[in-house]
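So, here's a batch of structures to check.
Two complexes come next, and they have one chain in common, subunit A, joined by subunit B in the first and subunit C in the second.
Showing the complex of A and B:
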């Protein structure tokens, strides 16, 4: 029964409902957005159907270019931080007893499910003057008086990494927990130090998983929308903010749609590039 | 790596993960309408306000309604698709699976903007039904992935045995397959539920000005005047998520759900 080819219409009935739902409520909206990106904008009003590239030409501004570059830079940097902390962390977790693993996983899932607005609020408190860490430092005598450490770039980076860290661990968890424990053991039996084993055997044999995790986290952090507004200054706003701003506050849907489509292509190209680089490395080592 | 170094590292991560939560919990206990940490005076009045003030109660109700129904809808889309894909490995089912996963992989603002143009065109912009359906599609990935994992865990021989004994495919599904997949359905539902509760940008784009959900309400209060209620609602959210995932961890197989191959071996 399993793995055979479906025969006749009856067998396909199961698929009709999910196909319809995804078709109507995902493909159609997507196509609509793509179409709107070519429509003509009515100043003050909405838009009228048409076909013009004006919206894409309007993307060619300093603001858009700078925001795009900044978004990619922040996403890349925070993905790099998350993976380099998350990889050893996940490795440790997967070597723990099952019960301890579950406790850590529940904590991570709870943090993962937190809304961006809650993460932003929590970090703005933690870095604030009245309720923040600097109070603790004053109390220990390390600082003269408490200060506010946000808004700013570092605060934003902390927030984004906090948001993305549980996600990173969940992406790295399957490959690391499937890693054959005999491999590191063999390396240590042959005399490699634990440090060296980790970097040569564990990191080495999971290079592809690391690249994949980096890409997933990169795309995940590209979506940051509220954190730049809460923890950053206006110059730290990301493309998500710019797109929403164009759509909601300037009611310029065609421009917002053009930005979104362009944004999607840029992220897809970057993902593809990273994947190719990752594969190339694998071929060399094998 | 040496044990001490490992423990210092794990402790640091634990500190960073829980730090913001500790501060927020402290702030939620302030006696006066100030955001101090450590709190000045202790009271639970901000929790009471969350449950009595209409300005907070309505977003709470909206969020719960949306999360409850949209994850049910997501489940109803994911179950037949995952079943079909498991039973017949054909390319169009795979393509549909990829489609179901993509809203989760793209930056959310793109999907959100698609929803916005769709609901404006259809004329349901600003209605709760728009938020519900959008969330169902946006989070269909979660039940889809967990239920697929569930189907994969079914031993083919059990299904074949049932068929040999003369059960038709309806009976096989009802008595053999469904009970084995049920825990995965529950956790898929729980994932979608919790994430829908916390989702901001789709809810904002689709009906942000008329259907205020909790994240939207919190962000609005962030901009227009802080109140410790924001902290108390955060605490409730974290506890709710911890409770739900704790239950999955207690009664289900969380490591396996998240992709560990042989959790029993460790």
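Showing the complex of A and C:
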């Protein structure tokens, strides 16, 4: 059967349920949103069905451009940080004993049970002047007086990476644990230093997994909504914040829909580019 | 409110926009919406049981998210002929937005005899004079401060601009819920007339922009601010007088001050969605809520300002002072957030705040 395409209605029936769910919960809402992005906005009111490009034209502002670039930048940077820390981290986990691996993975999974709300407030408390970590440093005599380390860009990065890190590890864990130990061993037998082995053999043979993890974290963090509000300053608000403001607080559904569609389009293009670049390199090395 | 990735964001947004909020099995209960959390809890505890005991009408209490989000849900549901709540407490900005699409069922005032006790501004009307809403509760946005950090109470909104307040303010994030344009106009420009023109609004925004280095948090949800205010992390800002009063009563080092320019008076009105089929019960409920003794009970138990005239409310001077003030309040210019200029104001506001 392997490699054969399913034949007949009965073979296709198993696909009906997932296709139906995909249609109801993704394609239909998405299509409706795409439609609304062309509707006419009634100032101060709601919207009237129609077809016009005004909402997309209204995107052409410095504010939207800057927010879009910032959202992409912060997502890209968080993805880079998560993957560059997560990859060696996962590598060391996979070299541990089975039991230690389980403990580490369970610890990481437990972070996933925390919502963005809890993580955001927890970090704002940890970085605060009145109850934060700097008080601990003062107590140890490392600092003269406690300071607030939020709101700011670094605080925001901390929060986002903290949320995304467990996912990075979970994505990287399967390919890294499947990596044949003979490969790095062979490299070291041939005289490569452990560092060199790691960067050329381990990283090199898992480039696809790294690209996949990067894309996953990138897309995951693009939607950050609450953390920028709690840990960032207004100039760190992401496009999700702007979209919510338009949709909910200004009842400007058409503009919000246009922003969301454009945002998704740009992100998809970037993801596609990343994949293509990742693949191109793979071909070269073969 | 957690949107973890774009797909999720889109799905949530699209569902919100299009799938009318499903309504539970139709029964006899009147569905009443009030802001979730403290407001709804107080109504559940102090108001609804007595109402049901007296009238026999069951109440199904619905928790509203912010007024703006609730308006979107009501609006979408009404387009599908559904009413997630029969009667909803709506803020004034949202009342006006709903009026623009004829969302609210017009009232026959003869069915609400107790409306005679109300303050004149507690009756909302469509531009053509039909009644769209009846005042539910009033509340003030005042200048709050942490008593440990600031030993003496501030006296003016202008104190927020003082250089020693650097990085120490918490303010509401949106033009239409902070009313900072009105506050700035009253404090620095001698009144609200400057808000009549676009140039004037820009002038006021420029004055507000001077405030930005002093602002540590622009909050959308009051929960984001309260803890930081109590701990002194963000020791000053604008906040709701009633909630600040409760925090102070709980022993937190928080004080709420009516500045000499006045607190901002905002209010919630009872509005009935045009999709509701329970207008008769809604009249009985709204009339009950307009009784002076019920308004007084709300002031004592919830800390809101009454929507009925002071002379009928029966509140003592001390009780009245704890929920209101004799200083002329700042009245929001709702027209600039709901009229033709609204999109422009919001855009300029976001640019000003985020730049």
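Remarks
Operating definition for what follows: the second predicted complex is superposed on the first by the 263 of 286 C-alpha atoms of A that agree within 3 Å, B and C clash if a C-alpha of one lies under 4 Å from a C-alpha of the other, contacts with A are read in each partner's own complex, and residues count from 1 in each chain.
Here is the rule we use: a residue touches a chain if its C-beta (ideal position, glycine included) is under 8 Å from a C-beta of that chain, and two chains touch if they have at least 3 such contacts.
Since we're looking at a predicted model, the values are computed, not measured.
Three-chain overlay on subunit A, with subunit B and subunit C in a clash.
Judged by the touch definition given at the top, the superposed model places A:61 against subunit C, while subunit B stays out of reach. Using the contact criterion defined above for the overlaid structures, shared-chain residue A:98 touches subunit B, although it does not reach subunit C. Contact with subunit C, but none with subunit B, is seen for A:251 once the two complexes are overlaid on the shared chain. In the superposition on chain A, contact is made by A:42 with subunit C only, not with subunit B. In the superposed model, A:22 makes contact with subunit B only, not with subunit C. Look at A:129: by the touch rule set out above, it reaches subunit C but stays clear of subunit B. Look at A:195: by the touch rule set out above, it reaches subunit B but stays clear of subunit C. Of the two partner chains, subunit B and subunit C are each touched by A:240.
In the superposition on chain A, contact is made by A:173 with subunit B only, not with subunit C. Of the two partners, subunit B and subunit C, it is B that touches more residues of subunit A.
Among the options 111-119, 165-173, 183-191 or 219-227, the segment of subunit C that ends up inside subunit B in the superposed model is 219-227.
Overlap of the subunit B and subunit C interfaces on subunit A comprises residues 25-26, 29-30, 32-33, 36, 46, 115-117, 121, 124, 128, 130-131, 219, 222-223, 225-226, 230, 240, 243, 247-248, 253, 256-257, 260, 263-264, 267.
Here subunit B touches subunit A in the complex through residues 1-2, 6, 9-10, 13, 16-21, 23-24, 26-27, 34-37, 76-78, 80-81, 83-84, 86-90, 93, 96, 99-100, 102-103, 105-118, 120-121, 133-134, 136-137, 140, 156, 159-160, 163, 169, 172, 194-195, 197-201, 204-205, 208, 214-215, 218-219, 222, 230-231, 234, 237-238, 241-242, 245-246, 249-250, 254-255, 258-261, 263-264, 266, going by the rule given at the top.
Chain contact summary for the complex, subunit A toward subunit B: residues 1-6, 11, 14-15, 17-19, 21-22, 25-30, 32-33, 36, 46, 85, 88-89, 92, 94-98, 101-103, 105-111, 113-126, 128, 130-133, 135, 162, 165-166, 170, 173-174, 177-178, 194-195, 198, 216, 219, 222-223, 225-226, 230, 239-240, 243-244, 247-248, 253, 256-257, 260, 263-264, 267. Chain contact summary for the complex, subunit C toward subunit A: residues 1-11, 13-19, 66, 68-69, 71-72, 75, 96-97, 100-101, 167, 173-174, 176-177, 216-220, 224, 227-228, 231-233, 337-343, 346-347, 350-351, 353-355. Note for the complex: subunit A touches subunit C at residues 25-26, 29-30, 32-33, 36, 41-46, 61-63, 67, 115-117, 121, 124, 128-131, 148, 151, 219-220, 222-226, 229-230, 234-235, 237, 240, 242-243, 245, 247-253, 255-257, 260, 263-264, 267.
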